[in-house]
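Next come two complexes built around subunit A: one with subunit B, the other with subunit C.
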Partner chain A sequence: MASGLAKLGNLDRRIIYLLIALAVVIPLLLKLVFPSITTPIVQNIFDEVEALPPRSKVLLTADYGPSTVPENQPMLEAVARHCLHKGLRLYVATIWATGPPMIENMSENVIQRDFPDIVQGTEWVNLGYKAGNQGVINSAYSDFHNAFPTDARGNAVGSIPMMAEIKRLEDFDLIVAIGSGFPGVKEWIQFGGDPSGVPVAGGVTAVEAPLLYPYYPGQLLGLMGGLQGAAEYEAALVTAYPQFEETSTQAIQNMGPQTVAHLLIITFILVGNIAYFAAGREKPRLGVNR
Partner chain B sequence: MFFRIWLPVIVTSIVGIVLVTALYVPHDPFGKLNGDFSEYFNIIAAFAFILGAGNLFKIHLDKIYRKTKGWLFSVVTVAGFLITLVAGLLKLGNTGGWEGDVVQPGSWFAIAYDSMFTPLQATMFSILAFFVASASYRAFRAKNTEATLLLAAALIILLGRTFVGYWMTAWMPDSLEFLTIPALSNWIMSVVNQAGQRAILIGIGLGVISTSLKVILGIERSYLGGE
Partner chain C sequence: MAPELVFSPELSRQLELWVGAFLTLMIFSFLYKDNPFYKFAEHLFVGVSAAYWMVQGFWGTLMPNLFGKLYPPMVRFAIPQVADQPPDPYKLIPLVFGIFLLMRLIPPVAVTARLAMGLVIGFAAGTNLTRYLQSDFVAQIDHTMMPMVAFHPDGSFALGASFNNLVLVTGVLAGLIYFFFSAEHKGLFGKASRYGIWVLMVAFGAAFGYTVMARISLLTGRMSFLGEWIRSIFS
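Moving on, here comes the complex of A and B:
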């Protein structure tokens, strides 16, 4: 019995790969969906957006690339959808070179689909990408028009109606930074939110979330961590505005495969340890190439 | 000597002192200088792309010329870079012409981004799931007290990040709510993790202050090269 358990420690890694693939693919095919419960750290962001009066100015940033789209894009789209539904003015920008297509996708999935009548330049503006990492944020703190002299289409920001009230970063009512690394949420806190006094909310990948907890709740009013964080925001949005149930459940749906994969990984850890103890704590077989 | 060593040291010192002062005295002239210096930084950062491209060419063309191991990958890198650069700069296939957005759907640049860059990046990131699963099976062992604590924390966080965590301990009475998996997961993240992260951040901050002071005072000059 013990030797049988010990043999489990030598399980072919191809079986592990196959099981993890099945754990993701089957729930996707079956459209397995679990309920999402919004935790306070995400609810804070929702409540802040909810409490802003109409025409408030929200800066939404998309500082990530295609590799983290499954985690970050639902956050960007849910927050954008919420802001536009509330009648807030949305300023979207990125300091990542890979960010512009993310904003384009958001425009396609949120604005063209749910808010086809809103006017770019009056209710929302795509300020595009600017190089300079945290230098852009620092520059925007002093003079926003210098940091973002044109929008994504090349129009001078001075000619955009909704930019008239924006001179410095402190003219915004809220900054929601969605990111997956450097420069990202941390830099928006340090160079944007802290000096200007504008509340900052964040949305990051699951691996980055623990690094941002030190800023919560003093400097960061809320944080969406990974796909779960995105699903929690979507859950709050759909609960408050059921009309978005069709369009804003991307992360909630993807939590099905993630939940099953998490359970499988937990099983792997437990089985791996049982095999380890059954083998009498022999030298661990790290990186066995089988 | 003056232009190579002392002029950069003087410029660095002035910029450093002004930026530090501007943090505490945001009024002019420090406020304005802070804004100006940030703009200079942005301009220099844009030039860094040219340097980066030059460096990429230098390294990979050298590999191709010498036909060192994996030189064919360098050919792919250089070709990919040039094709993307030309497609983006000349806005090839852009229905909006020169006026159109560089990422306009249908343009060659957008096709390269959507059909090559995006799936490649997504694939690289997705492969992590398989490695994590394999590593969790083979390496995550309760070998000693520290490893066991780490293992327990990982299991709680993994469960706490899904609905299963709620479901497993939903039966617990309100008086024991703090023992539910979501509550434990939240406690690990917002107390244990936060304390550790803050300690690390404060340590890093002190290190940054120390190094910055040395740079501003001209004691640390290794960034100038040589010496």
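Moving on, here comes the complex of A and C:
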């Protein structure tokens, strides 16, 4: 028995990869969905958007690239969908060079599909990418038009109707920063929210989430951490507005494979530890053979 | 006259799916073992990334922020909306410093690059210092000063909030004690240091768990993409 368990310690890693792949593919094929319960740290963001009066000004940033689309894109789309449904004015921008295609995808999936009648320039504006990392936020704090002189299509922001009320960062009612690294949510807190006093909500990859928890709740209104955070926001959205059940459940659906894969990894950790101790009783060894 | 190559949206989407699917499979092939397909995809990714950043830097930064400000009519062909703006002669300063940075390539005048680097480092250090001090130091200390005994708005004792605050405050103090090396870690100080290690281990465990979640999310995203590709073949 003990030697059988010990052999597990030398299991070919490719078998583990195969099992993980199956743990993801099978739930995807079966469309396995588990209920998502919105936790207070995500609910706070939803409630803040919900409480804003119509025509309030929300700055939504997409500071990430294609490598983290499965985690960040559902957050961006769910928040955008919620803001537009509530009649808020949406200002979308990015300080990542890889951000513009993410905003384009959001525009296709949310605006063209669910809000085809809204007008760019009066109800939403794509301010595009501006280089300069946290320097852009710093500049936007004192003079927003200087930091974002043109929108994504090259129009001078002075000619865009909904930009007339925006002079400084503090003219926004809420900043929702969706990001996956530097510069991202942390920089929007440090250089945007803290000096201007505008509430900042965040949506980040799971890898980054533990680094941002210390800012909650003092400096960060709420945080969507990884796919789970995105699924929680989607759950709050479709509970309040069931009409979005068809279009805003991307993260909820991907949480099925996630849950099964996590259960498998927990099993690996348990079996690996048992195998390690079983091998230790038979013959002391240092480290792993591979 | 060369024939114009026009892709319909449907054909473009198909092309995107097939190229993306093959590159995904090439990268996944590394899980079996290193091979030329993986190497090809890896090098292609590096090359495309470098090219993307270069194009973004030129069209997204230099054109609108430098050339378009120095002499707006110059960018009329690309950004006609800003072509009639008045020129901004102050942009000559970043132009000169940008040229200084490139002077690194010419040894006799390479020293001028230090001026530009000094400006970049000085600006970044000055800006970051004040904001980090405010947001990551003062504000974080402020938010760690929590009441050990918390109450609900109606005046009743809040057990959950009190426990949370206790864990937060003692966890921060114990973590700091673990990294305090000017006193020997024994007695009560040693016990606090030991508690600090446990706090750190829990934090590392949470970070590891989140990292696993992130990687599985990305795998799910790729698998969904491959599923879309396979469906497109049979539809």
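We adopt the following convention: the second predicted complex is superposed on the first by the 280 of 290 C-alpha atoms of A that agree within 3 Å, B and C clash if a C-alpha of one lies under 4 Å from a C-alpha of the other, contacts with A are read in each partner's own complex, and residues count from 1 in each chain.
The definition used in the following text is that a contact is a pair of C-beta atoms (placed from the backbone, for glycine too) under 8 Å apart; a residue touches a chain by one contact, two chains touch by 3 or more.
Values in this document were obtained by computation on a predicted structure and should not be read as measured data.
Colleague: By the touch definition at the top of the document, which applies to A:189: first (subunit B), second (subunit C), both, or neither?
Modeller: Only subunit C; A:189 stays clear of subunit B.
Colleague: One more residue to check, A:104. First (subunit B), second (subunit C), both or neither?
Modeller: Touch partner of A:104: subunit B, not subunit C.
Colleague: Just subunit B (first), just subunit C (second), both, or neither: which does A:219 touch?
Modeller: Touch partner of A:219: subunit C, not subunit B.
Colleague: Looking at the overlay, does A:26 come into contact with subunit B only (first), subunit C only (second), both, or neither?
Modeller: After superposing on A, A:26 lies clear of both subunit B and subunit C.
Colleague: Of the partners subunit B and subunit C, which touch A:156 in the superposed model: first, second, both, neither?
Modeller: second
Colleague: Looking at A:39, would you say it contacts subunit B, subunit C, both, or neither? Reply first, second, both or neither.
Modeller: The answer is first: A:39 touches subunit B but not subunit C.
Colleague: I'd like to know which partner A:272 touches here: subunit B for first, subunit C for second, both or neither.
Modeller: Once the two structures are laid over each other on A, A:272 reaches subunit B alone.
Colleague: State whether A:263 touches subunit B only (first), subunit C only (second), both chains, or neither.
Modeller: Only subunit B is touched by A:263; subunit C is not.
Colleague: So, A:135: does it touch subunit B (first), subunit C (second), both, or neither?
Modeller: both
Colleague: Please tell me which partner, subunit B or subunit C, touches more residues of subunit A.
Modeller: Of subunit B and subunit C, the partner in contact with more residues of subunit A is B.
Colleague: Please report the subunit A residues shared by its interface with subunit B and its interface with subunit C.
Modeller: Shared contact residues on subunit A (touching subunit B in one complex, subunit C in the other): 17, 20-21, 24, 67-70, 98, 130-131, 135, 138, 153-154, 195, 206, 209-210, 214, 226, 228, 258, 261-262, 265.
Colleague: Under the touch definition given earlier, write down the residues of subunit B that touch subunit A in their complex.
Modeller: 23, 26, 31-32, 34-35, 38-39, 41-42, 45-46, 49, 99, 101-103, 105, 110, 113-114, 117-119, 121-122, 124-125, 129-130, 132-134, 136-143, 151, 154-155, 158-159, 161-164, 166, 182, 186, 189-190, 193-194, 197-198, 201
Colleague: Okay, in this complex, where on subunit A does subunit B touch?
Modeller: 9, 11, 13, 16-17, 19-21, 24, 34-37, 39, 41, 65-70, 98, 100-101, 104, 130-133, 135-136, 138-139, 141-143, 146-147, 152-154, 195, 206, 209-211, 213-214, 216, 226, 228, 255, 258-259, 261-266, 268-269, 271-273, 276-277, 281, 284-288
Colleague: Inside the complex, what are the residues of subunit C that reach subunit A?
Modeller: Residue positions touching the partner: 31-32, 52-53, 56-57, 60-61, 64-65, 78-82, 85, 123, 127-128, 131-132, 134-136, 139-140, 142-143, 203, 206-207, 210-214, 216-221, 223-224, 227.
Colleague: What residues on subunit A touch subunit C, complex-wise?
Modeller: Subunit A reaches subunit C through residues 14, 17, 20-21, 24-25, 28-29, 67-71, 97-98, 128-131, 134-135, 138, 149-150, 153-156, 159, 189-191, 194-195, 205-207, 209-210, 214, 218-219, 225-228, 254, 257-258, 261-262, 265.
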